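Here subunit A shows up in two complexes: once beside subunit B, once beside subunit C.
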Partner chain A sequence: MAATTSTDMSTLNTALDKISNIKLKCKDGKLVTISKRIIRESEVLSHNFSVVDEVEQTIPLPDIHSTVMKQIVAFYDLIEDDSEYVPPSKYTDRPTKDHPGVGFFSNFTVEELQALTHACGYLDMPRLQDFILCHMIVDIIQDREIKEIRERGMMKTDYTPEEEAEFVKRHEAPIEVVQPQ
Partner chain B sequence: MSSFTASPLEIQLNILSYLAPEDLVRCKLVSRRFAVIADAFPFDLQRIKCHCEAVCGSNGNLRLVVQKAGNMKTLEVTPESLKKLEVTELLVTSENNSTDNHDAAVIELIRVLQTSRQTNLRIVTVRDLRLETSVLAQQLLDFVCTGLIQEINLNNVISQALSAAHIGTMDSLCQARVAGAKLETADALINKLTKDMRFKPRLNVPFIAEGTACSPEAVATFLREWIHLPESPYFQYKLVNCDAVWRARLAEECERQALSHVFYEFPSVANPLSHIKIKFHEDTNECVLFPIKDVPARSPVSPYVCFARYFRDF
Partner chain C sequence: MEELTYVVEAKIVEKTEQMSFVHDENENPNTMLATSSTVLKSRAEAIIHEEDEDSFFDAGSTSFVEARKQLTRPDYLYQETPCATVRNIRKRKAAVISGESTSKIKLTDMPNEILNNIFANLNRRDIFSVGQACYRFYNISANSIHWRNLNMTNKAVLESAFHRLISRRTQNVCLRNGSIQADRALFSREFTLCCLVRLDLTATTFAKAEMLVAILKRCRNLEYLSLESQGILPPEAYNYIAENRRLKLLNLTNCKEIPAEGLKRIFKNCPLTDISLNFTFLDEAASNVVIDYLPSTVTRVALAGFDNPLFNDVSLIKLVQRLPNLIEFEIDDNNTVSNKLVTVLSQCPNLRKLSMSRCYNVDPYAFTLLRRLRVLNIYGNLSNTGYKYIREQLPKAIVNESHLSTIGRAIDEHHFWGVDIADKY
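Showing the complex of A and B:
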């Protein structure tokens, strides 16, 4: 989705000023109240508010479960004091261990992280998506053995044993180097 | 079971883009899908491709000089920084003034190539190396001879260690200069060319090869295969050590396999306007096989005048 322009931003601010309490009707029919910050962070929701004159206070969200939406709300409550989001420029730009979000997501299962990732993709929320991807999921993969990555990420191999052995031989197995006499 | 391999492509790509190069290589081993994605989106994820010259000195000294793709500048790098680069062309040479053998430097080179996971080599050239331990040459070849190699140029010491199994591994090979290779290896090379002409004409042919004389039987089999191919594919094959005995054996073998020729011009059966020419240089004992596609071969039964040949040659 295209970035929100300054005209859209003023329309968005005007629209948000009119509304005090915004609710999302989730996949399971439950209503989740969200803050104005979440609307600003989501490209989809902010675009919706900036182009439609009369926005209803209850917005249908048929693809996201209320549990996932509540987790997103809880995350944004935690990082209330964070400054404006700047996308990471390289793979080493990662949040530090003392960031409140790291502790928040550390007990999440892979399914929960995956559902959150999909929800972020659906709502187009780059901050949360980058946070989950670059910290939580990359943490599963980084500096770990292949078997461990598969177990933690619950990934099944689609290599045949022969292909895998060949691949491992090329990439992993050290060749015995004979010392010269 | 939910897993990241079932996630949409853009999410998987996003996950991989956060990984360091060494993690990315490991991630490619996790699942075939990750490997395909990592290879299909090289701009974001892959290490920078480069040409690397490894200069082997005495006492295990190894200098690595790289030239990145799209850049003419050369840069000397440490073995550690090679992890951030992907070597596609490797040139192994020796220092001009070194007098000792290069065993220690080659051990270090193999270690550096392994630790930096250089598994995407396409062109490998090895020259002027002096090795006392023949196993080292074997190990270097074991590492570089993969299905991705397209060109391999070896000097005498290394090419003696090249085996038929190595040739069989190199599926994409289309240029080989292996002076001093064993007879078995030379036979494997010409047999590979014969096979590729028939089954992989668009991938590995045209084929350029130089090496020691293979057996006359293999050359005759190659000639018989070529003359029946309607495409009459291009190639160039240069053999050395083709003495008078070898030439006599080749003539006998051609007669045995009923390959008719006039002055070593073998007409194509499938394409009347092309033939293979074998040219012998008796002073250097060299022999070159190459196809000619514009004029027919000379005929033993009707010695007609070929004006095309006349105008081409004079």
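Showing the complex of A and C:
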């Protein structure tokens, strides 16, 4: 399994070296120039790279708007780490708010974030997913009461009050016990 | 002497006061900690002036608090997860940091795969509250990938809730030092089979003995099982343990009145490699089963803590010669064994660790024959000069490494018999 992926990567790299400027043809017909790093990180783009037009050197991408793609390009300009992305295993290893990659998304509106999450889910980019979802949205949920989660996640409950009481009763989270130290 | 104890008591009182400050939810814990430490300082100084003599405490600094931090209990049971107070402080810290931003996002518009990805980064408690938000989120949060490892050390859980949790294809459960509480709404204990592979019920308290049997009844795939300190188990529990045909590790430390038939069935069905029977006080029939039927795949055996005349030189030599792969052997507190066993053990090709603390019938010279060992625990057998001599004679071995048994126990939550079950947080 590992051998096949490594050969895939090497063939991709040799193919990438031949072409200088790669452009994406977005949903609204505009062209966006992207770096080779983005193609390497995205499963979908590296797969679509095989259907690249040799003359115009563009990859068709009919599902994503050009403004969203430009934001992704801007994000990758901020992060200079060129190595292969490995997700952090511990909570403490997660980047903090001071990290430029996390701060980049903090000023986005709800609609922009929405479009971005859809885009990175479509393109299958683990680094981008982790930065938007796991470091930003997790902060919205973590250590909150249910009321707060509903308010910040902008959602309404479809439980009736009786059902909710039943839920708390049935799925009672393990209670913490203080040990005599 | 009385004055000295008075000083110590005064400090402990101040320490508890300080802890109660930390408990306060509305206050910032850091500032309260600082103020309480200054109060502590001034009070300690006052005590010292009253004493009017040199004390061996450096009471002017916070060294007592530091010392308290350093002086943790040696028992491995209490070192796993932080207790509730520590977690409460952490919770507030995290809430304060992220409370500055008021970012919102429409979570309900996201596809299920992405939500799954988000939830994989949450700890168990947050997954519970997410499931409470709405129906769709409940279904996503019940996905088995979030429940593969369950670390509930030091926690109490309702019986019905526990069964519902392990029904989510959970593989590794640690309920060390926890407790399972009775649920009045639960009418029958008939459940379908579960997928548990590693189960640690060390020192878990059960409201009724049937609860433990009901859990064991659901398991067929167990590979690692610890039932340490469970006391007297019903005999059918051992029959259910024997149903796990891949069981490698079994820890029955402190389980009393183990039936010979159940033990025999376990030994016949399970390819055991590690077995701990410390402090089990086996009766005659069970002892004979251990000697005659212990599978030859076993590499680590613990038979310490009880002086059983049936585990004498003849029977134990018979046992050791049946186990070609023996790596660790514990036979502490046995007064019937003598030099003959030690000479046989010195010829075991793979033996690396031996515990023979307080075996007073063994001539100390025999220990110098154990040239292949890496660890040798012989507490209470020799004087200090004797240990020095043994260390010179066995340069490769560590003499008197630890009082505690290591067989059948997971090291910590990061090394839970080969998996990391530390909660994300």
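Simple rule for what comes next: the second predicted complex is superposed on the first by the 142 of 181 C-alpha atoms of A that agree within 3 Å, B and C clash if a C-alpha of one lies under 4 Å from a C-alpha of the other, contacts with A are read in each partner's own complex, and residues count from 1 in each chain.
As a working rule, contacts are C-beta pairs under 8 Å (C-beta built on N, C-alpha and C of every residue); 3 or more make two chains touch, one makes a residue touch a chain.
Quick caveat, the model's predicted, so the values are computed rather than measured.
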Which partner chains sit in contact with A:Ile146 here, subunit B, subunit C, both or neither? Use first/second/both/neither.
both
Once the shared chain is lined up, is A:Gly121 touching subunit B (first), subunit C (second), both, or neither of them?
both
Regarding the shared-chain residue A:Glu162, is it in contact with subunit B (first), subunit C (second), both, or neither?
neither
Which partner does A:Ser106 contact after superposing on A: first (subunit B), second (subunit C), both, neither?
second
In the superposed arrangement, which partner chain does A:Met136 touch: subunit B (first), subunit C (second), both, or neither?
second
Would you mind listing the overlap between the subunit B footprint and the subunit C footprint on subunit A?
91, 110, 114, 117-118, 121, 129, 133-134, 137-138, 141-146, 149-150, 153-159, 164, 167-168, 170-172, 174-175, 177-179, 181
Listed in rising order, subunit C residues that touch subunit A in their complex are 73, 78, 83-85, 87, 91, 94-95, 97-98, 101-111, 113-114, 117-118, 121-126, 128-135, 138, 152, 154-158, 160-161, 164, 177-179, 422, 424-425
What residues on subunit A touch subunit B, complex-wise?
88, 91-92, 94, 110-111, 114, 117-118, 121, 129-130, 133-134, 137-138, 141-146, 149-150, 153-159, 164, 167-168, 170-172, 174-175, 177-181
As the complex stands, subunit A meets subunit C at residues 90-91, 97, 106, 110, 113-114, 117-118, 121, 129, 133-134, 136-146, 149-159, 164, 167-168, 170-179, 181
As the complex stands, subunit B meets subunit A at residues 1-5, 7-8, 10-11, 14-15, 17-20, 23, 25-33, 101, 103-104, 107, 110-111, 114, 117, 119, 132-133, 135-136, 139, 142-143, 146
